[in-house]
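As written, the chains take the letters A, B, C and D, and residue 1 is the first residue of each chain.
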Amino acid sequence: MADKKLGVWMVGGCGNVATTAILGLVGLQKQLAPTTGLVTELREFAALPLVPWGDLVVGGHDIREPNLRATAGRLANEQVVPRELVEACSSELEQIDASIKPGIAYKAGKAIRALADVPVDDDATTAPRELISRLQNDLKTFIEANDLRGLVVMNVASTEPPLEAELPDRWEAFDELLNQPGADIPASTLYAVAALELGLPFVNFTPSAGANFSAVEELTKRKKICHAGHDGKTGETLMKTVLAPLFAERNLEVLSWVGHNIFGNLDGRILDNPENRAAKVATKDRVVGGTLGYDPQTLVSIEYIESLGDWKTAWDHIHFRGFLGTLMTLQFTWQGCDSALAAPLVLDLVRLADVASRAGNVGALTPLAAFFKHPLGTDCHHFAKQHARLLDWVRVTSEQMAC
Amino acid sequence: MADKKLGVWMVGGCGNVATTAILGLVGLQKQLAPTTGLVTELREFAALPLVPWGDLVVGGHDIREPNLRATAGRLANEQVVPRELVEACSSELEQIDASIKPGIAYKAGKAIRALADVPVDDDATTAPRELISRLQNDLKTFIEANDLRGLVVMNVASTEPPLEAELPDRWEAFDELLNQPGADIPASTLYAVAALELGLPFVNFTPSAGANFSAVEELTKRKKICHAGHDGKTGETLMKTVLAPLFAERNLEVLSWVGHNIFGNLDGRILDNPENRAAKVATKDRVVGGTLGYDPQTLVSIEYIESLGDWKTAWDHIHFRGFLGTLMTLQFTWQGCDSALAAPLVLDLVRLADVASRAGNVGALTPLAAFFKHPLGTDCHHFAKQHARLLDWVRVTSEQMAC
Amino acid sequence: MADKKLGVWMVGGCGNVATTAILGLVGLQKQLAPTTGLVTELREFAALPLVPWGDLVVGGHDIREPNLRATAGRLANEQVVPRELVEACSSELEQIDASIKPGIAYKAGKAIRALADVPVDDDATTAPRELISRLQNDLKTFIEANDLRGLVVMNVASTEPPLEAELPDRWEAFDELLNQPGADIPASTLYAVAALELGLPFVNFTPSAGANFSAVEELTKRKKICHAGHDGKTGETLMKTVLAPLFAERNLEVLSWVGHNIFGNLDGRILDNPENRAAKVATKDRVVGGTLGYDPQTLVSIEYIESLGDWKTAWDHIHFRGFLGTLMTLQFTWQGCDSALAAPLVLDLVRLADVASRAGNVGALTPLAAFFKHPLGTDCHHFAKQHARLLDWVRVTSEQMAC
Amino acid sequence: MADKKLGVWMVGGCGNVATTAILGLVGLQKQLAPTTGLVTELREFAALPLVPWGDLVVGGHDIREPNLRATAGRLANEQVVPRELVEACSSELEQIDASIKPGIAYKAGKAIRALADVPVDDDATTAPRELISRLQNDLKTFIEANDLRGLVVMNVASTEPPLEAELPDRWEAFDELLNQPGADIPASTLYAVAALELGLPFVNFTPSAGANFSAVEELTKRKKICHAGHDGKTGETLMKTVLAPLFAERNLEVLSWVGHNIFGNLDGRILDNPENRAAKVATKDRVVGGTLGYDPQTLVSIEYIESLGDWKTAWDHIHFRGFLGTLMTLQFTWQGCDSALAAPLVLDLVRLADVASRAGNVGALTPLAAFFKHPLGTDCHHFAKQHARLLDWVRVTSEQMAC
């Protein structure tokens, strides 16, 4: 088994984040890309038995026709990735296209369904269980075809609208519901269940529901498998979790925290849809109050500005009160390339979920909180504490696995 | 002794920081000021036997005629402190004036000497030892007159130019040099020696040399007394120590970090003098490379812009490289009121130096690193780690002193 | 008549803008206030026979109980006006309260009606004509009581929601409609008609409808009276009309222009109501495309952030394309005090409307376009051209009136 | 002659600005580049008999070995110009290299001399007149070889240190001085004299001295030829000349105007040299006071930050006082690509200087003030007025030349 490879399964494999991650991975494999931006390449991770880049094999699901090379070319135009790298890796990208299979858009909302250009299933008459079986077939086929030692399923698909119905708390009832045609369970959750039932770790990089249900958590315990999420923390929210502790630790009172985000990629176009945006704003907005221990007035907007492409600009205005009531202001402007920030974290999470799974970790991986806007299983939003917690886990796990 | 009070001795007692701290202290004593901005009022400090605000008595040295009430009135005009508070505390301020004694400006540079409107001593013919004796007399008189159980000496005087001469490494030689008329040892160091020889803790809130000499460190060991410094961390540098770790922990490569600071108070006027500025820029500039572990191009400017008064505006531009070489930018604008940020830290440091001294801490107080731009005795500039270190000390010291 | 005074009638006389303008006027009369911010005090206006500040007498309408002194005190707390000036002028402010009469809130929308603490009239059963008569009585009484040579009616009341119904184009039909109980004509228009029918100039400093109807324009022609509007241009929009021409004149292509405005005064609270905000955003958004001659993507938001009080902060992000397609960015942050920016323009407009009316100008005063976000009677949004047009009018009118 | 072409002679032909302008020109000739950024392509210029892009032929002087294709390739890497355009125009760029001749670096300062990798002439023993003759030979050879109807000489070479010596006011004395070996007259002026003596228009896009001497102005009158300058206005200063009038026209008092510029191209490296910087800062700093009519505190810095390449970022902080003394702030951040901003203006100036020269304009071309930080022959820094003045000239000249 030591010689076997590990699979990475990208749900939303044709998207910007997936394409940048895949291009980067191929670049790392061909030693054409430096390791900047990869957390698992920090020296503190050296003792952890991380899968080498060369041992990863990529497949995925999407609801659009795959053409990684064309997408990577467009990203090069938008100055997200270097054109030379795209050219050097184009044959590998073309090959990976063949491993990206038609996904599902069940209960994923109108905006997402409108994206689909491969056949997706009818919401009204299908039972979720049928869809799960189809997804599991794809996963098993990929594992066998590539003789893999395992597979990490990574959700980097478009953000679904938040769920309205309440779902059963226990796995038995949840499992039953999966047989009910038209049951109100979104695609992201079906992907999660598909992976976890097969004993494969699932990582949710998006604000979609995914595995965030106590019933699904119960499933992970039964299957003794781990999962992580949700919503990758890459820009403005990352800044919030770095700056809010400063105000708390200096006993400065935050009166209001306003954050405006503008960007113009496909993710932005989907999020421009009010129902999809709701999910995102919720994970972004929770952070400030969570860290401070009280709730200043907050405002978070996400707006689609086409000319910006994948470049997200956030302006934050923080109004705070100091000693003797003096009012002061901190403003920042973050000009980040969304996919270039997300992609290395996606690769890091594949490696870390793999190690966690080999180390026998079960349920929500709270030591990975630093990677997420809304970390599952913990309320801690303090970035430095999250990072310290991660390094503790790295130490403990390194020692455990060395034995 | 439980009933005795503690003295606070402000070197530079007529300045903006001192005046704001004194006004705030009186306000706290009269229960007219909230505790916003005071770190020692965070709940994590509750078990520490901190001196109550009501048990503090203020005196100090300055080279200008004291008129705290007038200074506080000017600060109210500049919207640094509330006018009502100044009015409510004016008789107390007037009384404190009487405890602010003429200081020394020995080897403090031209810009500072030009400020003096009370008689200061001639550089050329005086031996430092004579000046120290005079200072010590003032301290002892104040302690006796007020029947104090102790005194914390706090340097909040103007920033001196950096020292040029090398000073002896061992206390014996240093002590001898103090007898040599015209010896090249700046006022801030004489204040430090005066305090430490009397077994009184010394805190250096400024970038001036103060106790930053191995000979003086040796003195603290002999006298079994503690000291802390240097250069209070209140604005742009505080931000740097919060943000630089983010780049390190996400493996993002900082290419350049530019910081421009503009402000218009007396401190700014003194720092506008290139020789005085050198000291400040040095402590500010050390931080980024210190945290990252490599040296990106940095630029720090401090400019005197009169119209801004005590309001410091800093613009920082951070250029960094992410995954696959993508270049990104973070900018921030900090609009802070310098004295309102510094004053509560000065009060915190008095309390903490007092506890440390009662707990028997000796030498440079490294657990207080979070308060300083250039913390003595440690290379750690990572704010969250500094704060965690402080809380550890608080826990340990609370337990130790509870026994 | 040369000895008679001129009246200023503030509709919304208890608001922030009105209070700041009135305080400033009293300050100018008592020679306690400098002329900074007053356009009519520029030397180019020296030859124009402007009413001296001492010859102005203030009255007004509001739907809230007047207490100018208390409002001015609150504005002093928020650092909008100097406390000393409020104290020095408090008896004058108290006297003016007596001249602020209960107004009307007919068809002014729920948010505004909810403000009222003086009796206002029932929308459903009253005919607009009755309300107009009541308003006219107040105006005539004020003119007589103060033996005025004229009166300028200035609308600085809260922003009404935009009108839904189409109104008749000709005055005759419009006039008839005024007799119909419950007719859908908003308060601001009734104030305008009340003034114009009496031959008094009307200025609309708000985005409310006011005199912006061809029927009302016809009335001004019949009555040979002038009016001006609408929506005072004081901050972000002013910047837009200054900067957009730059891009046009350098042939740089604006791709997107995003503007976020945050502030926390009563105006902001009313505008936080989506229906009222619609009127404001419309006047703010029209400007960029109007100047450039094509329509880049624009976004304008106005958000109520309580902690900011009267201090409006706007962040604008302008994304543009230069030679050979290079994409570049300009960002600005405007931190202005809304009422301090608006008040002098209100006083300027009183003086200019008075001169225009004496000079026999009829209908919409297009030379005053520089003062408004949506200038009536012209499509020109180019600030420098508007200012040049104003100075031309000043020259011509000065000459005309010198004869 | 109607069929003959016009020459463009780039002094500093290998630099970023020249390369971008040349690439753009070739792109325009091959109809591969849009006209964005070109002022002369605005519809207001349609009636002016501008030389068509296809009728321009490029040559130049530089002190470095020409390799336009390599430079353009580097600019594509830095995202200043599109790589596809560089590829499409590479054979034309290679051909133009042959027309870039070794220039002179006489009295151009150490930093510039250190750049030279082609032989330049010794300062100490050469007489300026010899150098001028050599330059004139190059110009005449180019004209003949290409059978040109004329030639515009454009200075886009590195910024020289400001001149220290006073030069004679009259041409006769100046001319004599040119014969004196080692006379203190910088290269830029020798280029100017070389052109003007041959009756060729000279444009100075740099802050170097060039033709800014009354003696040289006299020469232009004698030769009946025109010239323009100096220092192209492309970024922060452009913004200043657009924004300062706003404050003046609204009677807002500017208290301080701070501008920090950071960039990392070769121009920046040269300007990082204090003596060269002096020239630039002087032209940038003059603007604010010039427009306002009084002198607020100003600060202008230009700093070389390597990682930024050709991308200049300027942060400006404007502190101003409004009605009743209220202090407010405007900040802007300009992120522009220096060469992409400068290049189209260089092409515009070639066309306009050509028309002016054909129309018989003599001496400094004040109607072109809008293009320059320090326009010769006028004190007007008000951008909108400068632009209006330009359009007036366009109208008058169009009519004149139509006859």
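Here are some notes:
By definition in this document, a contact is a pair of C-beta atoms (placed from the backbone, for glycine too) under 8 Å apart; a residue touches a chain by one contact, two chains touch by 3 or more.
Just so it is clear, the structure is predicted and the values come from calculations on it, not from any experiment.
Least step count on the touch graph, chain B to chain D: 1. Of the pairs listed in A-C, B-D or A-B, the one whose interface repeats that of C-D, with over half of its contact pairs matching by residue number, is A-B.
For the two copies, chain A and chain B, the CA superposition rotation is 180 degrees, given to the nearest 5. One finds 45 Å separating the Cα centroids of chain A and chain B. For this pair, chain A with chain C, the centres built from the Cα atoms lie 50 Å apart. Separating the CA-averaged centres of chain B and chain C is a span of 50 Å.
Taken residue by residue, chain C touches two or more other chains at 79, 329, 331, 333, whereas all remaining positions touch fewer. Because contacts link each chain to all the remaining chains, their graph is best described as complete. Listing the residues of chain A that touch chain D in their complex gives 79, 83, 333.
Chain C contributes residues 20, 23-24, 27, 33-39, 41-42, 79-82, 85, 238-239, 242-243, 245-246, 249-253, 321-326, 328-337, 340-341, 343-344, 370, 382-385, 387-388 to its touches with chain D in the complex. Touching chain B in their complex are the following residues of chain D: 255-256, 258, 260, 262, 296-297, 299, 301, 303, 305-308, 313, 315, 317, 319, 327, 329, 331, 333, 335.
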